[in-house]
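After the structure tokens below, expect a handful of questions from me.
Think of it as A, B and C in the order they're written, each chain with its own count starting at 1.
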Amino acid sequence: MELIVQGIVKAFELLISFDPEVLGITWLSLKISGTATFISLFFGVSIGTTVALTTFPGKRLVISLINTGMGLPPVVVGLFVTIMIWRSGPLGFLEILYTPYAMIIAQAIIATPIVMGISLASIQNLPPNLRLQILSLGASRMQMVWVLIKESKLPLLAAVMAGFGGVISEVGASIMVGGNIKGYSRVLTTATVMETGKGNFDIAIALGIILLILAFLVNLLLTHIQQRQQLR
Amino acid sequence: MNHILTVQNLLVRRGGVTVLDIEQMSVETSRILALIGPNGAGKSTLLLTMAGLLKPDRGGILYRGVAVDTSARRSEMRKSVSVVFQEPLLLNTSVYKNVALGLKFRHLTNGDIRKNVEDALAYFGISPLAKRSAKTLSGGEAKRVSLARAFALKPELILLDEAFNSLDPPTRETLIDDLRHILEETKITAVLALHDREETLRLAQDVVVLADGGMIQSGTTAQVFNRPASEFVAGFVGTETILEGTVQMNRDNLLEIAVGDKMLEAVGDFAPGQTVFCCVRPENITVSADPLKKVSARNVFEAKIQKIVRQAFFYKMILDCGFPVVAYITVSSCEDLGLCEGTSVTVSFKATAVHVMARDH
Amino acid sequence: MMKMFKNSKTVAVLIAAFLLFALGASDVLAAKTEPKQKNIILATTTSTQDSGLLDVLIPIFEKETGYFVKTIAVGSGQAMAMGQKGEADVLLVHSPDAEKKFMAEGNGVNRRLVMHNDFIIVGPPADPARIKGLKSSAEALKTIAKAGALFSSRGDNSGTHAKEKTLWKQTGISPAGQKWYQETGLGMGQTLSIAAEKKGYTLADRGTYLALKKNLGLDILVEGDAALLNIYHVIEINSAKWPKVNADGGKAFADFMVSKKTQGIIKTFGVDKFGSPLFFPDAGKKVEDLGK
């Protein structure tokens, strides 16, 4: 119990003193997971919406695959990405193993099915005639899709938050493809594991608390956008 | 006589089943056409095809004489056609933004959009609702907004699919009246899928009867309602008095038809011995408290009032003349004549009001 | 402030601009634009990294040479596996038997002695197995086995684990599968915590033990046996076998580790924090000459 208190105190100290290493780690966590979430937002919403709105043979199979992807074990993703991008791998020439780029890629792979699956379900949940109604008002396909996406703002933002939550807290893949290199690819989660391994529990708890605060602030912003009423 | 839209050789199949099969159907410009028929008849499918939202398996539509057979042409046609569905299908935003939606797709200036939206809101009497969130509207208000949204686009043709279904009677009444006025004023052609007879009678000038994907009858409202082409149509259009009888005599197309042990007079071209249906609309039946002196009506019967049912604006009266007859009588008449269940009265209707059809099968 | 967020377009633009700025301004981009040769992948062990020595040495090396060192801290086993596949440029490990095999297979060149520290056997102050003061570490392990006292092993093919297995071999006892022998599969710090929690014995490197000592509650019970020496070598990966390896970089790092200046830093590392140095520099010496 007192360990947790020690951790909270330590967290305070680190934050108040603007400890540069901790700030750097926090900033990097935000950048990497933020970029990965952005990528997943783009691919997830576009593909999820397309699958929801079109009919094609094998649609149900595709949806099952997407839903399965939502539960992809991150560490398995990390393993596959590592094998792809290490020197002897097919993408080895890119030389992105042990870089933040690799972490962004792995996290994007983890988050995209989540955003995709929830987008798919939320578009499917709209009244079936809404699509026709919007088309009949003279919308082009793109305009129609955009209106439907805006109409699903609530669940779509929940999808983004789910995706972001999944990757900001991810550690297995991040260690594997990032290497936890100090000042370069070390983020809050990987640093927490390292400090725990060293036995520095107070620092580990402090980092954990900072991670929670970071996640909370981001979700606060996203929730505000989600719950805002559009009335103008 | 201008046909804004013609349906030709139309075939729509869904899941291996033929949903719609119509050889020829026309919509006349600036008139109001009702599509009526039971559920599953294909009314919605027909409307979607007419709206350019559904690609048929065979045949298609001509809009202003031009075949609409490519998706480009369909998109083009959609610019002149507005659709209103049964559900209001409003977006989660303000009423103003909802009504402006179609206009925004056309990239009009904000000024133009404002003018069109305000006009449309005024037409349907919902200007004060402009800033309200669509989620907070009542059923009737939401329906008006979706109508305003369709009208804001100043379409040439407007299609309504069971537009009044989810509304309570008083709301429906006012809305139907308002709609009729607006259509008359703007001269916009309208096609409505309806399954309420009263709405059809009040709104439509032309009627098409659909059943099982096929067109059974088309014509003006008067034609279809007074001269239904089959028993099915008769039942559907609400000819409540349908009597089976045998033609006894045909003299110069004036028929004598035996119904039970009574004799009916009608006009038509049927041979003696033929079994027919005689249809009389309730509005065409007159009830008299005193025995009648000489009247031109050729069908006069003694009857007893069996049941009186209050409708919205009148009484529906079921009488026994030896055969059942349904009449619509105004409330005032009822009260003036002191009519109530059990009263003996005289029923009369003209021979020309009797519509005779051959028996189906 | 909230008024700014009323317009969804503004928010979207703000977020996009924010991220673009962040990415643009970051050194992430900077690092990527440097040519390939600048990156050196150093595979080493978690205990080496946890000691903090590299946190001191690597910045000095980077400043001097302009190389960017990616320190990948894993177990010795994995580090050498990386070397075997050419996925690293240089190794800093302490698992001599495995290293010899590694070299014999032609995976590395220039295996050079860098430094050593030692292992110790630690355990609960109460010492139920009565091993305190024993001179032979193998003897101590034998005693623990006979007493059936709880022993935590790293069980992860690390250098520490390899040393432990060598010692067990000397005792002639096979501890695997026995109730009192627990393999954690974790790093040194965690294994020590687990041993402390369960009041058991474990084999640890002195450096990690010293770093965690004050919170642990474990005492040093056996030390000083020559068999407990933990010897570090630096190995450059053979670029003839793996052309993609950064041979120049690997050599530069290895040279740095055995340079006089570095060796001097190693000698004093840890003194101010723990009172005694964590490592003993040995560059140039012969392995047989090591030990107290």
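Following the convention adopted for this analysis, a residue touches a chain if its C-beta (ideal position, glycine included) is under 8 Å from a C-beta of that chain, and two chains touch if they have at least 3 such contacts.
None of these values were measured; they are calculated from a predicted model.
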A-B versus A-C: which interface comes out with more C-beta contact pairs?
A-C
By CA centroids, point me to the most central chain in this structure.
A
Taking each chain's centre as the mean of its CA atoms, how far is subunit B from subunit C in angstrom?
86
Approximate Å spacing (C-alpha centroids) for the pair subunit A, subunit B
55
For subunit A and subunit C, let me know how many angstrom lie between their CA-based centres, rounded off.
32
Overlap residues in subunit A, where contacts from two or more other chains coincide:
230, 232
Subunit C residues counted as touching two or more neighbouring chains:
none
Taking the touch rule as given, give the residues of subunit A at its contact with subunit C in the complex, in rising order.
27, 30-31, 34-35, 38, 86-88, 92, 95, 97-101, 179-182, 184, 194, 196-201, 224-225, 228, 230, 232
Note which residues of subunit A are touching subunit B in the complex, please.
127, 129-130, 132-140, 143, 147, 150-151, 153, 229-232
Mind listing the subunit B positions that touch subunit A in their complex?
48, 51, 53, 75, 78-79, 81-83, 85, 87, 89, 91-94, 97, 101-102, 105-106, 131, 133, 149-150, 153
Interface residues, subunit C side, partner subunit A - complex:
2, 5-6, 8, 11, 19, 22-23, 26, 28, 31-32, 36, 39, 41, 46, 50, 55, 68, 70-73, 85-87, 186-190, 192-193, 208, 211-212, 215-216, 242, 244
